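In the two complexes below, chain A is the common chain; its partner is chain B in one and chain C in the other.
Presenting the complex of A and B:
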């Protein structure tokens, strides 16, 4: 009853600041679209929107997991490498004649093992998740090269099933799956006991423990979920590129963190929203596509994207100040 | 200004301190220190000793009406550094050395010798050897990290830093429980240095619970009771004074006293429901045997560091005891042996802890009152994992009303509430979850009088129970004898981890409580085996 704050009298500074995030993010998104539409006559077209929609699912599902991990006060740097390892494992299996279903199960299995490793080491042994997942970032990437023999495996149309275009709309199934997952993850976060416990753990883990709740199990579950979502992103990527690339997803962890932070999730834990992270992903995607369409060079694109991330973080700090300002 | 014109090193006039919202820690204290004097400052827990020392050291800002003179000049330090530059040296109660730095770096952290902007390592080592020799640590390598030292050695290093003369002779030494972690031999070295400092004309303000040290060292003693000066004694004129007499002066009222109506006229049998046999909280602690009963509020009294918090945490599954047995009779069952691996195990068996550190261990500060009170019960209030918003809200409203928590709405962040209402919210959380044994660690710390009353009344209702529902066993760790008498039916006193008194409150007075609490604190030699470590480990 906190994030949604339904029983708080409307009108206070805190209330305004709390509902600012999704409204502000949507506004920023609309402004960006309007800006690029003015700067480039091709931007506001069905083709562009389809391109964006079909590009974002991997980042979108990884951002969902990252939101959860940041909410419990952790971080998962291994998602990009787990994506590559799961994708190459699935790719090799399909290359060896396995059906797409078997390959998909294999990818998710690889993801679960990686997540269980992250979770049990960081939660069970108390090694900071930054270090554990940094280790897996290296190790899983290496494993992806080993599995694939450092070669990109072309799979052709047999992999298309993971990015199956839905007739007429031109949208891929992966986009729809990603959007459904956003809604499910948001509902779990706000409407279930598990979600409420995660927010409490991120706010004050010792208080949660002393209140008679075991914080370890939910935390491990979150790390497993994050890695499984990375594996799913690997399958999306596999379908989109119709190949298994051991270099896939490099730097994906940072893009995901950027999107989640733009969405206002706190790096300190205890605060976050999957819907806002989704808006963060859209802002980054629109920015990337729009900047490319107006003819900005790759280096300039990166400068602008970086600036947007910092500005978003600054706005979030300002928002926090307003929210915590004493009344009266 | 020549030395002989200064007859008083320090003058305090009307020194007061109020911690918000309305906790009066010091109330118009007057104090004078002469040059070449060791001045003992004693009092029970919460009498204001550390607050006064903190004000003089520049770490705590005094109330507006306070006036301080150091060598007849205005003294209003706004920082520890400023006080230090005026010749005030401070050894705080808690250890503050930085573990990752070396002994030498810790000693001279504020004034590292520099050569062209670089640390002058050789000079630093030489200074450190010199300072360490002063406290009998000449064999210690100044380059070893503080992390490798034991608590006593760390304490000595802080003392060495304060005593070291450097460029200027320290004028005023503030020592807060300096011997708490020291061995007898180390303490003797300290006493020699203090005698030397006195001979050199420095003034020493010496806070301790070890009354024999005061009688031996001090020229004069000031006794604080509830933030005011209760007694000033010239020891030279009172040669026959004993530690017992000092304990008498520290009691706020002499003899046996009984204020409240806590257990009066209470019906119902006292059924044992939590029993500890030979429980050792941590290796080296004394073993504890105790039984707590339903329908009874048991106070746990002792000096800071007596091991009460640790005992409560062991009972609540928050810490694993080193050895011993816990038996529980909850859920309608007979006494049976239980193992509590984590607080969840205890909570399921009806044992709930309200921790001492409200902000650090109890509350979810940025989250609303509703979210805080329902934290322990969300699973029970939900339906197969789904939050039932209306039920959660109803339960939260119910418990907030029952415990009289004052808040604007259930969504108001709990950080905005007063200490008293925050504490009531934690009680509401326990009540909503349900308990048969309620453990409270200093539940009225920083709580205003009105909330305190309300909390006492609630606890008494919990222990009494309702028709059809048996009362709970309530255990309250407290620093205040007054609270024990106002609230409890029975009192257990811990001294250095050992039970030194277990009695009904109407059979004992404050004097007996203090006597029992001081039993193993009187001097290092009187500590039972293993208790020296107990005291040391309790230091944060």
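Presenting the complex of A and C:
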């Protein structure tokens, strides 16, 4: 896949270039794939890889938004609920005869409203984003149940447009969209003034303000983007499962935070890389599929998943230390 | 000094607002519906997650039943936030006892942990009837209480569903089961019922994994099972939501021939059962489950006996698209 480009700068500053090199993570990913290939004769196959590729887009796009939110020193706990709310809204609209395009616009609209709410309350009024988005985690989930009458809607082939495999390749359109978004988000973060502002805000917001830049607008933009990406994830899932489930995405915020933090993005802000988050998502996805293929019991799956998340993060920290020592 | 008053007012404003908000919201869902409290018995229905379609249907059925004859009894419906919120359910039971209800009809969030709270309710003279998830018999007897269970035989229902599938398979065919949350009693019963049917036929169950009752999770598991066992003939899913997830996995893998069965008969699968894409599901009449429990509770209140030693079985009906085969 897209893994293992050599040391790629992602933070702007020199030290950052070293610490964001995705070598450690790629290594962890390769080790995992090798391990599962040994344990299951069917794991290393085109079918499995394609399955993983088609399952990851929702988590992938949410992880992009989460990376940005963490970089500015915030957090967005509402993404799983926003995913469900926008997907059920789109699902109900399509059930009522709306075209997929209208439904998609509606979903993204729902996402923007949620994001604007998160952004304006946390940035405008200075309420910690943890609290604001925790509130929306509850409220949006409730709204999803209200909108759908707590019922799963089956949409059938009309929902295929959002995620159905593109002919020949077997890869879904949503996978390609997610990959393009990863690249765009990484470029915006590392090569644009906007991206530098975000990193600066996360490092020292006061300094940014003193430098004459208003940090509020970029911060609100980030919250809106995060919620819109969650809505997009909702559409991907809607298309992939061909139904809208108000219980969709429960716990998704934690998977996304795990993936992003595995990727070395700091919970304290000012540091992060979309590419590395992408690797974090791949690690989680490979783990999910691999563990299911070797047929581990449910409790063991959870123990192993937790352990791998920690080990992957440790591996990256150790690699970073080793890499920085000679220059030190 | 002179700004003390405004500050005090401000200090009081927030708590006051919260109280008003809660008071404003409370009566809509947890409020009682009924007539003169003097004569009619008061029955409290304590549910698990009112976010879940199944329990919403159950509660709506109970409300409709009460509304048919409002003079007969007074109904108070309460539910927890999610299906595993034990502490909240225990405190709900205590609240209901404190408000002096005549009977509690409960779908326990846990088959063991609720028993002590229910024992206290019995000691306070409240009639207790257990629905949905059966209380653990050993714990009941060690606590020295008798609580009658009114509910469907999930194992027999799952066996019937499995038999429809068995009619389409041959001995030696390979199948897999996607189960619910392994700690849940009904998940265990449905798995046992599926296994009964498959073992009777002589089919080989290559794997049993949990799909956590959830669409997206079942989809991941189903995809993994299909890549790991390309010769799989059928997937038996412990609820319809997971069957929807498995269906998406089968389509993605190009396995349109894969046979699928579910459980619960939710609206979303109606068209799929009709078309045979999902072979069979079971209807345990969710809307009537609480009503059966309430009926027994009213009998017990009227007779003054307080408890019954006999459990009561409620019907589970097989639902298939084709009216002819394997109905008996």
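Criterion: the second predicted complex is superposed on the first by the 291 of 328 C-alpha atoms of A that agree within 3 Å, B and C clash if a C-alpha of one lies under 4 Å from a C-alpha of the other, contacts with A are read in each partner's own complex, and residues count from 1 in each chain.
Following the convention adopted for this analysis, contacts are C-beta pairs under 8 Å (C-beta built on N, C-alpha and C of every residue); 3 or more make two chains touch, one makes a residue touch a chain.
Just so it is clear, the structure is predicted and the values come from calculations on it, not from any experiment.
In the superposition on chain A, A:125 makes contact with neither chain B nor chain C.
When the two complexes are overlaid on their common chain A, residue A:237 makes contact with chain C while staying clear of chain B. Contacts of A:47 after superposition on the shared chain: chain C is touched, whereas chain B is not. By the touch criterion defined above, A:101 reaches neither chain B nor chain C. By the touch criterion defined above, A:317 reaches neither chain B nor chain C. In the superposition on chain A, contact is made by A:270 with chain B only, not with chain C.
In the complex of the two chains, the chain C residues touching chain A come out as 50-53, 56, 182, 207, 209-210, 212, 214-216, 219-221, 223-230, 240-241, 244-245, 247-248, 252-253, 266-269, 271-272.
Against chain C, the residues of chain A that register as touching in their complex are 40, 42-43, 45, 47-48, 51, 54-55, 141-142, 145, 149-154, 156, 165, 237, 240-243, 245-250, 288-290, 292-295, 298. Note for the complex: chain B touches chain A at residues 316, 318, 342-344, 346-348, 352-353, 355, 360-368, 370-371, 374-376, 378-379, 382, 385-387, 389, 392-393, 396, 408-413, 416, 429, 433. Across the complex, chain A meets chain B through its residues 1-2, 5-9, 14, 191-197, 199-200, 203-204, 206-214, 270-271, 324, 326-327.
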